[in-house]
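As written, the chains take the letters A, B, C and D, and residue 1 is the first residue of each chain.
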Amino acid sequence: MIDVLYFAWVRERIGMPKERLDTGAATVAALVDELRAREERYAMAFSDLSALRVAVDQELTDFDAPLAGAREVAFFPPMTGG
Amino acid sequence: MIDVLYFAWVRERIGMPKERLDTGAATVAALVDELRAREERYAMAFSDLSALRVAVDQELTDFDAPLAGAREVAFFPPMTGG
Amino acid sequence: MSEEAGIRIVVQEAPFDFGAEADAFAAGRNDMGAVVTFTGVVRDVSGGLDGMEIEHYPGMTEKALARIAAEAQARWSLGEVLVIHRHGKLAPGERIMMVATASPHRKDAFEAAEYLMDYLKSRAPFWKKESAGGGQSWVAAKDEDEAALRRW
Amino acid sequence: MSEEAGIRIVVQEAPFDFGAEADAFAAGRNDMGAVVTFTGVVRDVSGGLDGMEIEHYPGMTEKALARIAAEAQARWSLGEVLVIHRHGKLAPGERIMMVATASPHRKDAFEAAEYLMDYLKSRAPFWKKESAGGGQSWVAAKDEDEAALRRW
């Protein structure tokens, strides 16, 4: 089981801030493929990965990062703090 | 007549902050030559011009600056504000 | 808020007292000759901004800011580092965040503050949404902000 | 003190209230997204400094600072510029001076503050004399401070 978090417009497109998933995906990219296949709103949110960033266990990483042992994955647009 | 001001260690070496001089010096350098010839303390204060800065009428300038019409000349070491 | 080795990180919804923070920062440290602060303010570019809402990633935000601050401290000679960042609703003219750096040398204090800002902008999980004329829109990240990181 | 076109220059013997100045600077300006302050503090490098005395050139000091601020304002997009510099006797840890810049953009606010500091250091008529262990000595200008001007 893994917690999947969404922020900013990713959260809005998917329609929730967080969900708990049972997945066998080995990488972030594999998890994205699973999500895209579920519903149109996921497909829309993940249509352009270059517009997205991902964190695994609260560390920024890449879409080819492994998910083994991860408790939390978060998807969001590029940050705009400051 | 021109006001001549001294600051920091220049003031200390010459022993006063300000004096009023009647000079026919055409440039700052000529005024420095006049001063050096007056007394040893002036010769000491002006022994190394590369260690000095000069302002004419409160504007930083060079030792070859003309003195025609000037009311105030100031000699001091490089600044150390901030 | 975490506090260690001269680093203080604050992430909060409430306004912060910039004057009091600036005054207290590195106060009484005789070994720090230079203090730099940067403050980000909600800017009304078009003259029609109603306000802004800042979303963040609780947990990751504090960790990301603490790491950026620790990297700045490893890279420059810094005695103290402060980062305060707000989230939630803000009105035009309100202060969003501040960083402060104290160093023996002015160059270090300036560079470290710019580094903190460059990394905070693009690597700390905050997202701004602007409200204007009844509509809302997410602020897009700027290419120049990502490009700014290449300087370091 | 002179005040024109968003430039404020203060040269005084008395301490200034850094927190209050920082808080009031560019306050309520919705068009300025970025505020930078730099503060210089009497630094006790050796641990044996008793104090410092700053001499200046009344009349020229204010003019020189106003010109440096005007040049910064001409060069960068700045809404407000503040320069405060003390003279007279100061104790270790006391604040000597501050500059502040407000701009729509953080790069402008940072660069302008660094420019102000670089020029103030080497072109405004202030001289520092340190007292330590019963002796006094004039602080020597640093080659690196003169070199810093070549950046601009």
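Just so we're on the same page, a residue touches a chain if its C-beta (ideal position, glycine included) is under 8 Å from a C-beta of that chain, and two chains touch if they have at least 3 such contacts.
The structure presented is a predicted model; accordingly, all values stated were derived computationally and were not measured.
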| item | value |
| --- | --- |
| Where chain B and chain C overlap in contact partners, by chain label | D |
| Farthest chain (mean CA position) relative to chain A | B |
| Computed distance of Cα centres, chain C from chain A, in Å | 26 |
| Separation of chain A from chain D, taking each centre as the mean of its C-alpha atoms, in whole Å | 48 |
| Rounded Å distance, chain A centre to chain B centre (Cα mean) | 72 |
| Multi-partner residues of chain B (each touching 2 or more other chains) | 82 |
| Two or more partner chains touched - positions in chain C | 40, 106, 117 |
| Interchain pairs in contact, sorted by label | A-C, B-D, C-D |
| Footprint of chain D on chain B - complex, ascending | 5, 7-9, 11, 55, 58-60, 74, 76-82 |
| Of all residues in chain D, those that touch chain B in their complex | 40, 54-57, 59-60, 63-64, 85, 96-97, 117, 120-129, 138-141, 146 |
| Chain D-touching residues of chain C, taken from the complex the two chains share | 17-20, 22-24, 26, 28-45, 49, 92-93, 104, 106-107, 109-110, 113-114, 117, 148 |
